[in-house]
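In the part that follows, the structures are each spelled out as structure tokens.
Okay, so subunit A shows up in both of these, paired with subunit B first and subunit C after.
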Partner chain A sequence: MFAYIVRRLFAAIVMLLVVILVTFGIFFAIPKFTGTDPALMYVGKQADPEAIEGIRQKLGLGKPILGQFWDFVSGLFAGRDYSGGGTSAHCPAPCFGYSFKHDLPIWPELKDKLPVTLTLAGGACVLWVIGGVLTGVVSALKRGTLWDRTAMTVALAGVSLPIYFTALLSLAVFKYQLGWAESAGTAFGDDPVGWFRGMILPWVTLAFLYAAMYARLTRATMLEVLGEDYIRTARAKGLREPVVIGKHAMRSTMTPILTILGMDLGALVGGAILTETAFSIKGLGAAAVTAINERDLPMILGVTLITASAVVFANVVVDLLYAVIDPRVRLS
Partner chain B sequence: MTAPLHDTGAETAAVDVTAGAPAEAIEGRSPWRIAWIRLKRDKLALAGGVVVLLLILVAVFAPLIVSVLGHPPNEFHEEEIDPLFSVPKGSWGGINSDFLLGVEPRNGRDVFSRIVYGARVSLLVAFLAAVVAVVLGTLFGIVAGFFGGWVDTVVSRLMDLLLAFPQLLFIIALVSVVPDSLWGLTGSGVRMGVLIVVIGFFGWPYIGRIVRGQTLSLREREYVEAARSLGAGRGYILLRELLPNLVAPITVYTTLMIPTNVLTEAALSFLGTGVKPPTASWGDMLSRAVDHYEADPLFMIIPGLAIFVTVLAFNLFGDGVRDALDPKGSR
Partner chain C sequence: MTDLHKTGAVGEPVRPDTAPPTAYLDVRDLRIHFPTDDGLVKSVDGLSFRLERGKTLGIVGESGSGKSVTSLGIMGLHTVGQYGRGKARISGEIWLNGKELMTADPDEVRRLRGREMAMIFQDPLSAMHPYFTVGHQIVEAYRVHNDVDKKTGRKRAVELLDRVGIPQPDRRVDDYPHQFSGGMRQRAMIAMALVNNPDLLIADEPTTALDVTVQAQILDLIRDLQKEFGSAVIVITHDLGVVAELADDILVMYGGRCVERGPAEQVFHTPQHPYTWGLLGSMPRIDREQTERLIPVKGSPPSLINVPSGCAFNPRCPYADVPADGITRTERPELRPVAGAEGGRHHSACHMSQEERTRIWTEEIAPKL
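Coming up: the complex of A and B.
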């Protein structure tokens, strides 16, 4: 088990380095591809030549890509100083980059926004896993009944609805018409009830979309598992149905769901961009959108890397959970 | 047993499975015939298919439809707007016999025309991005599965990597750094081109994984071995023996990828990184509705429904195609 964990962690670190390298590579390659000056991407269009030259020196844009990559990675652990064009700036570890637009290091900015996004993703996750998996299991067990067809129709509609549309609809109905919910943004410490009333719509809206996907996936997987020989064996040896389903069938059903859960949760941590925009929640996703509108590339890179790290980290957790669920994984 | 994917047991008379040609002398059914018969029985899937067809017609004949039933999509009609609240005059978002779906708040553009033209952007980007994804996914998937070894390792890791990327964020970031004119295109053309390439690029690993997995199992089949022992080259085996048997899974995942692409395009336009205004797009309309949905909820509901209906129709059709082509399916 210990060796397994170490191997997984090592693979994750390699993966992260590759993610940074690829992110770098793409943003390094675009200017060459389109024939523009890379420094322009970091300062915006209206900057004067002096500022552009300063940026070029600060970021070492003249260096080969591996040199720039090394500067960035070492900055993550040791901090980094940017100097050039007569000015300099210090970015303490972990340095995820430096916003030249706002003259601020990226990490503290992102660190403030992380809990907001984590609350959104976490709360929604609890709702959608319970709702989605339960619906899927019940549908699979009652295959072909009215319940099954209704649930699957709702689920299909759910995966076809754009989240920003459901978000606006739910706001229009529950906030403006009925007055049950409030705008998000109240801090938990200030007013727990207000915080809850602000978060309930985003949670439910986000959870509905994912619950629909998970219900479909769970139903399909469960039906496949129920056709396996070992389920027949379990029934034949006289196990009660709740044990067959709850213990034997659920174990196999959960494996693919965990895989997807790891990816989804990781991606959400990096910013439920659309949900945050629609509900005006000031998390990582909203920060990314602001950065894009301001053409603040270092900020975009920072959020991208945090998200990618979250996905990789979530995958490690999922791999470890696999080992708990499926003993064969530990031995391989 | 030569039928690699579609051996349903009952229809073993279908001998020439790879070419999918109907055997005329004997009453045999090719897998495609069987799939078609199954699909015809699936009413929901057919309904989805009909809606998809209608949408394509609307997109193709957008200028004609608008010239008969609407006003030019970018024409302002400020006379339809209440100058005090800048929302459409009258109830229901300004719907009347002249403006079938009402007008946009502030500038009074014809919502009907913009929805019709929005279908063009949505479907064009979704289809072409799916084509990009399918071509790349099939190519990499089949090569990885067929050659195995280090080629497989490299391609598989690459696919894992792309799937671990925060796609939406990355697409937004990429689109935002692209200059206004590129590859001889300008304005909306550039944005659409970039959207197609980028959405397609992040979509190929989904197809690639499926194709790789299928190729891995297909290449061990007897009929591939038979072809090899008869002296067939790699190219022949890839194109004539393996590819025809991959068409079914590729078809399924393509039909299911298009609705995802529609959602992605709309999401990007919603965030302001899709096609450039004034080009009509459903996501852009929704983002404009954000400021007005209390006073003029219909302006939010109409583009939202347009996206919903389109995606639902493709999903229904795609699910139907999947069930119809599934060799294990009994329906």
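Coming up: the complex of A and C.
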């Protein structure tokens, strides 16, 4: 078990390094080859050559790519000083880089946005897991009935409807018509009820999309598990049907659900771009959109790294949970 | 309904439904049909038999003859968990210890499952939950019927594992099924079935998934345990060797119906049905010349959707052209007692006259076996 954990963690770290290398390469090496100077993006179009040279020194853009990569990685762990052209700035660890546009280290910016996105993803996740799995189980147990057909039709709609449609629809109905919801943005500390009324629509809208996928997956998996021999054995023992379903069948059904839950959650931490945009939530997704519009390369790099780390981390957690659920993983 | 009762309690007078049977297990005219998109699958179509405590009945037949469906039917497992599917249509009577199970309350039948009647399945690897320890699964079977704490349950599980011959049971009880070998798993499965001292034990192909060397051990174990617990045992198999090892009585199934049944000795020594001959002919024997070939039963099992109107075995029967005795070929042959059989329990369902069959068996079949 211990060896298993160490192996997974080691693999995760290697994976992260590869991700950093590739992302870094894309964002910093390619402008070099295409002839666009990142320093130009920093200083703007009407800059004198001296200022450009200063920036180049400050950001270390003159160094070979591997040198820059080393600066970046060591900055992540030890912090980094930028100096050159008469100015200097300190970027404390973890230093994700220095924003072109705002002349600020990126990490504090990311740190501000992360909780917002986590709240959105976390709340939606609770809703969609409960809603999706319950719907899927009931549909499987009532296969072919009106309930099953209705639920699966709604789920199909949920999978196919884009979030900018459902988001605007829910806003139109629940905020502007009925007035039950508010705009997002109220801090929890200031007004918990207002915060909740602001978040409820984003949660439900985002959860609807995922719940639909989870309902379909749960239903299919549950039907497969119900055909297993060990379910028949459980019944032959005289167990009550709720125990057969709730304990024996659910235990196996949860395995694939856990897998995609890990990946979905990880990806969502990088920002639910559409949801955040539709509801004007200032999370990582919105920050990513802004950064892309402003061609703020270090910021894009920062968001990408956060997302990638979240996905890798979530997968490690899923792997460990696997070991808890499935003894065949743990003991082999 | 007249059709249902025509074949009644096969070969024996149809008793009024009010009279509770005297046998421990009395199955009467059991029919289990499954509606499918292609039509009604008549997996079991009018099966009757009896079994006493301490006796073993071997149900023999090839794949798709309805053996396993019968066993699950007795356990009442066709009526639970059939979520939204085309439900099995079941009719007939199953009397267990003076209680009729088909009309009983489902929860009452559930409480009999695992306590009064228990089952051993074919493939112990897939029949045990991979995520729970062997001990947990045995304790669960015990605690659902006995109001005891986990510690007592565990003690019982260790005791049972020890009884079925698992070394170091107090340690192995915490192992998972995948940590057991195939034979060990089947032993654990047997321990799980026996944990509540059931009076009826159904073993559905208990040795099919096991190595040959392990098969004999498992059969020995089942026989020993039966002696010890005095249960009634039904062994379901396609392997006549298993039946020869264990059974007091044999019931040969073909196409969802019984074609021959009787005391094991009589069925083995004076088999009356061409299908039984075929099964005996396709069984390898160590004392036979190497050069002789096995005699397979030609053709494949009948579709259970469109069962031939006459004898279901007719299309594969090598003696289909022998004149029928008293009835037409399109009429279904009923089980008739074999004249002169000791005890009068040997029955078979064949168109041919008994004289003809006796002649064919003694002159054509027996010398080749």
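The rule is short, and it goes like this: the second predicted complex is superposed on the first by the 288 of 332 C-alpha atoms of A that agree within 3 Å, B and C clash if a C-alpha of one lies under 4 Å from a C-alpha of the other, contacts with A are read in each partner's own complex, and residues count from 1 in each chain.
One rule holds in what follows: a contact is a pair of C-beta atoms (placed from the backbone, for glycine too) under 8 Å apart; a residue touches a chain by one contact, two chains touch by 3 or more.
On a predicted model such as this, the values are computed, not experimentally measured, just so you know.
Three-chain overlay on subunit A, with subunit B and subunit C fitting side by side and no clash.
By the document's definition of touching, of the two partners only subunit B reaches A:A172; subunit C does not. Look at A:G54: by the touch rule set out above, it reaches neither subunit B nor subunit C.
Note on the composite model: angle subunit B-subunit A-subunit C, taken at the C-alpha centres, equals 70°, rounded to the nearest 10. Of the two partner chains, subunit B is the only one touched by A:V19; subunit C is not.
Legend: residue contacts after superposition of the two complexes on their common chain; A:P105 is shown touching neither subunit B nor subunit C.
Comparing subunit B with subunit C, the partner in contact with more residues of subunit A is B. Of the two partner chains placed by superposition, only subunit B is touched by A:L274; subunit C is not. In the superposed model, A:G144 lies in contact with subunit C only, and not with subunit B.
In the superposition on chain A, contact is made by A:E241 with subunit C only, not with subunit B. Subunit B and subunit C never share a C-alpha pair closer than 8 Å once the two structures are laid over each other.
When the two complexes are laid over each other on chain A, subunit A has no residue in contact with both subunit B and subunit C.
Residues 140-145, 148, 226, 228-241, 243-244, 248, 251-252, 325-328, 331 of subunit A touch subunit C in their complex.
Interface residues of subunit C facing subunit A in the complex, by the touch rule stated above, are 72, 75, 77, 80-81, 83-85, 110-115, 118-119, 121, 123, 126-133, 140-141, 144-145, 176, 178-179, 192.
Across the interface of their complex, subunit A is touched by residues 160-161, 163-170, 172-174, 176-179, 182, 259, 263, 266-267, 270-273, 283, 286-287, 289-290, 293-294, 297, 300-301, 304, 307-308, 311-312, 315-316, 319 of subunit B.
Subunit A makes touch with subunit B in their complex at residues 15, 18-19, 22-23, 26-27, 30, 34, 36, 41, 156-157, 159-162, 164-165, 168-169, 171-172, 176, 263, 266-267, 270-271, 273-274, 277-278, 285, 288-289, 292-293, 295, 297, 300-301, 303-304, 307-308, 311-312, 315.
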